[in-house]
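To start, the structure itself, in structure tokens.
For reference, chains read A, B and C in written order, and residue numbers begin at 1 within each chain.
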Amino acid sequence: MVTINIGSSDFAAILPILVVCAFGIYLMVQGVLAPRIHKLTLAYIGLAGIMIAMVSNFYLLGIETDRAYFEGMVFVDKLTVTLNFIFLLTAALCLLLMTSYSEQEEIEFIEFTPLILFATAGMMLMGCAESLMIIFLGLETMSIALYVMAGFRRFNRFSLEAALKYLLLGAFATGFLLYGMALIYGTVGTTNLTQISAYYSENALNLNVMALFGVALLVIGFGFKVALVPFHMWTPDVYQGAPIPVTAYMAVGAKAAGFAAVLRVLVLATGQAAFEWSQLLWLLAVITMTVGNIIALVQSDIKRMLAYSSIAHAGYIMIGIVAGNETTVSAVLFYLVVYMFMNIGAFAVAGIVSGKNEQHVDIKHFAGLGKSQPMLALVMTVCMFSLAGFPPTGGFMGKLYLFKAAMESGYTWLVIFGALNTLISVYYYIRVVVAMYFQDSKESVKMAAVLPGVGLVLLVTLLGIFYLGIFPGTTLSLLY
Amino acid sequence: MALESILFWLFAMLAVGGGVGVVVHPNPVKSALFLVVTFFALAGEYVLLMAHFVAIVHIAVYAGAIMVLFLFVIMLLNVQEESRLAGVWGFMRYFSVVLFVALFVQLGYFGYQGFFGAENVPLVRETEIGTVEQIGTALFSQYVLPFEIASILLLTAMIGALYLSKQKLGLGEPARAARVKEALHEKEEAH
Amino acid sequence: MDSFGDLLFYLVIETGFLKAALVVNLLLVVVMILTLMERKISAWIQERHGPNRVGPWGILQPIADGVKFFTKEDIVPSHVDKFLYIIAPLVSLFPALVTFAVVPFGDQMTVNMFDHLVTIQFQVADINVGILYIVGIASLGVYGLIVGGFGSNNKYSMLGGLRSSAQMISYELPMGLAIISVVMLSGSLRLNDIVTDQSSLLAWNIFRQPLGFIIFFVAAFAETNRLPFDLPEAEQELVGGYHTEYSSMKFSAFMISEYSHIITASSLVATLYLGGWQIPGLAALNLPIVAEQLLQILAFIVKTSFIIFIFMWVRWTLPRFRYDQLMNLGWKSMVPLGLLNVVLTAAVVAFF
């Protein structure tokens, strides 16, 4: 007879995911039953769903007991709750950006809102996964939604190119990931991360080739998703072709989800094995930072520039992962939060400047923004300074924590490389600021009006960056 | 027992042969048909492992539905025989040989470990594991969450495919006119 | 030691070899009868005489046809893909013949044979996923059409193959949905259990599942490529469709597989919806077991023949669908109705 040991507490553990999925399905039905509904209404219903999910996430904070649910499928701890907040906030901000973006470009919210909700659900699953199976399914849910969202301007060939490239390379990377998972399963005999962790720490000294190979393939698969350097080739083209709010969502959400899975698997589960690879991860971090920053120097397109910058930032976060000590998780989470604010802020401004059909995405189009739109220019400046890592912004504190974690583990050279890279990156971030304040626009750029939705996004990012830069301690203690 | 191992080798060779055929045959339709042969052979192996349900579902889903759609698309697009890629990526050929050898060494090594390794676990024949009841019970108790996520995953893929392929935008005449204008503009820029 | 009896026992009972051979041959014989029946029924519908030259009332016509097929020249056109062209009829024949293996055509009975107490099942293979087996194997029938159409290297054949692949996929879905409802009611995938589940007349699935019956019946027409769904071989548009280039025995193999498909589909309709071999109230008569058995087999044959008759009746009465109508019917009517049926059945099973 069928015995199902699943109670209401199990469902409570994935409450935010359930809420988000339910709203996604509801919005689809809504789109079918009332096709003439105003598109923004759909977006606002989606936002409401995300808000409710956030509230239910507080409930999760209440039941959070550091234990697994669904017979060892998901795990609820502080990391889960924090990651859920990051994903939900990212989704909310990007959906707000999309509402204003739809003034410039026709976007169909009937499909878009469910997709972004499902993608968020996938990310949250990756954040709370306790089994390789859930990581894989969450990753695929997220990725498939993102493939489509990248091609959402489906009458623009760059957008379609982005979607196709992302799909093909993403499927390839998924293959690596699955192969790695299969090898780990073959060694350990389970997909449960706790048991995998136990196996790896027991046999830390005599791991067989299969176990190590599995971890290496996982690194490749995750490396693709978070755009580490040998696996980063898709990033600039995809970021350039995708609609700007989607780019922001990919740059922040997908990266955070990838690092969430890395934290779950490489740091918390196979930590012992990952140390065998730490030299390799060290190398990956350095190459990623350096290549990302150096190529970003010569970019004239703001989206490509931010794409390379996001690659460089993946490298910075890898510093924290390589450190692999007890401060790793909090440092990485803190950096992810900061990264979310500053990147979404930068993309929001870029989205407004780009105008109709994203025609003004060059850095030269930012010329004179300081005079014509001082508030926008201010937000962009703050985001750029934060990305470059100047105090008193959050970017500075984030880097500080990452470097501190690395120093504690004795990776001095890694920190030196990180600092050097930060110096390099200043050049291209400042270029945008210089263009805004010290150059005059040659052509009159017609900009979309700043809608209340975007205004809210800009305000939130501005406050977030400064708050995290000035009072980092309270947030850090809340995170993990 | 003897019959079982004969069948095993027969199906195994059929599967590998079909797999090789998929890769080496220049004609896409025949490649697809080779894949069907492989699926059949694999279904045979499942039956030998007492997993009747998996075997039948394998045939019904892969051979019966997915490959038919594959063939439909190949025939609809009227894909010709692929032209030889050699020359353009000449070094890739040698690289692929290296990869091939590496893969086989790896497989051989794991196979060796599996057969003669220290932790050689005696295989337990679970005749019950492949039945519909067992699979249903597992899917709806231990694996209920992955099962349900899979449905969300497929739903997402479906929405995406429909969005990218649907014809009417339902935006009305002005938007369509604007799009045409934009396309013309793009063309001019290209010149 | 009765070695001969043991050997015979092994061959006949344990392996089911005899049963399999018997069923395949019976199927082929029935196909022969069906070709005549089809022509007679068409003649009756169109107020003609039909074949009446070979033998009394033309009943030897199938034999004459067979002889003709065998003696005709087997033309292999020069432009075809030889290998695919030759295996296509075989690929089409194989699933048509093996699908019948799991259909029970009588109750199982226990007899004493050569001093062994044997349970004879009137079914070639009683596998526990029987219904899935049918769905799986039946969906392979399309390969014969696709391979034949592609191998003929002719645009009409190709179009025929193309159409059949799309049509099969589209109608497999509603068929599967109808079957799911039946499975939910009987709680088993074994065809024998589904039959025994319909023990009284009101328990026949046609009364418990009227919507499912209609869906399954229509889908069965589409799956067998019969009018009004015979688009893969629509004569007016595609010359002969996928079998344009075939002649002689290869052509006849396609015909045989078409009729075998009809037999299997009809027997499935009888099994799933008309109570299979069951005769309501037969147990009350207290007949000797052999008589009861024979009556049940007869009931199965009658039910199947009746469905086959409907197949032919429809063929000579209804015109062909247009292709877009076919797709619209499949995806926009049958699939939603099938889903509705599944939901309703699930609700009924869950709450009552």
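Following the convention adopted for this analysis, a contact is a pair of C-beta atoms (placed from the backbone, for glycine too) under 8 Å apart; a residue touches a chain by one contact, two chains touch by 3 or more.
Being a predicted model, the structure only gives us computed values, none of them experimental.
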{"item": "Graph class of chain-chain contacts, one of line, ring, star, complete, other", "value": "line"}
{"item": "Of A-B and B-C, pair with higher C-beta contact tally", "value": "A-B"}
{"item": "Closest chain to global C-alpha mean, per-chain Cα centroids", "value": "B"}
{"item": "Centre-of-Cα separation between subunit C and subunit A, whole angstrom", "value": "55"}
{"item": "Separation of subunit B from subunit C, taking each centre as the mean of its C-alpha atoms, in whole Å", "value": "30"}
{"item": "Length of the line joining the C-alpha centres of subunit A and subunit B, rounded to whole Å", "value": "29"}
{"item": "Multi-chain contact residues (two or more partners), subunit B", "value": "none"}
{"item": "Residue numbers on subunit A that touch subunit B, as the complex places them", "value": "2-6, 14, 21, 24-25, 28, 35, 70-71, 73-74, 106, 108, 111, 114-115, 118-119, 121-122, 125, 131, 133-134, 137-138, 140-141, 144-145, 147-148, 151-152, 154-155, 163, 186, 208-210, 213, 357"}
{"item": "Complex contacts: residues of subunit B adjacent to subunit C", "value": "29-30, 33, 36, 52-53, 56-57, 59-60, 63-65, 68-69, 71-72, 75-76, 131-132"}
{"item": "Touching residues on subunit B, where the partner in the complex is subunit A", "value": "106, 109-110, 113, 136-137, 140-146, 149-150, 152-153, 155-157, 159-164, 169-171, 175, 179, 182-183"}
{"item": "Subunit B-touching residues of subunit C, taken from the complex the two chains share", "value": "84, 127-129, 132-133, 135-137, 139-140, 142-143, 146-147, 150, 158, 161-162, 165-166, 168-169, 172, 189"}
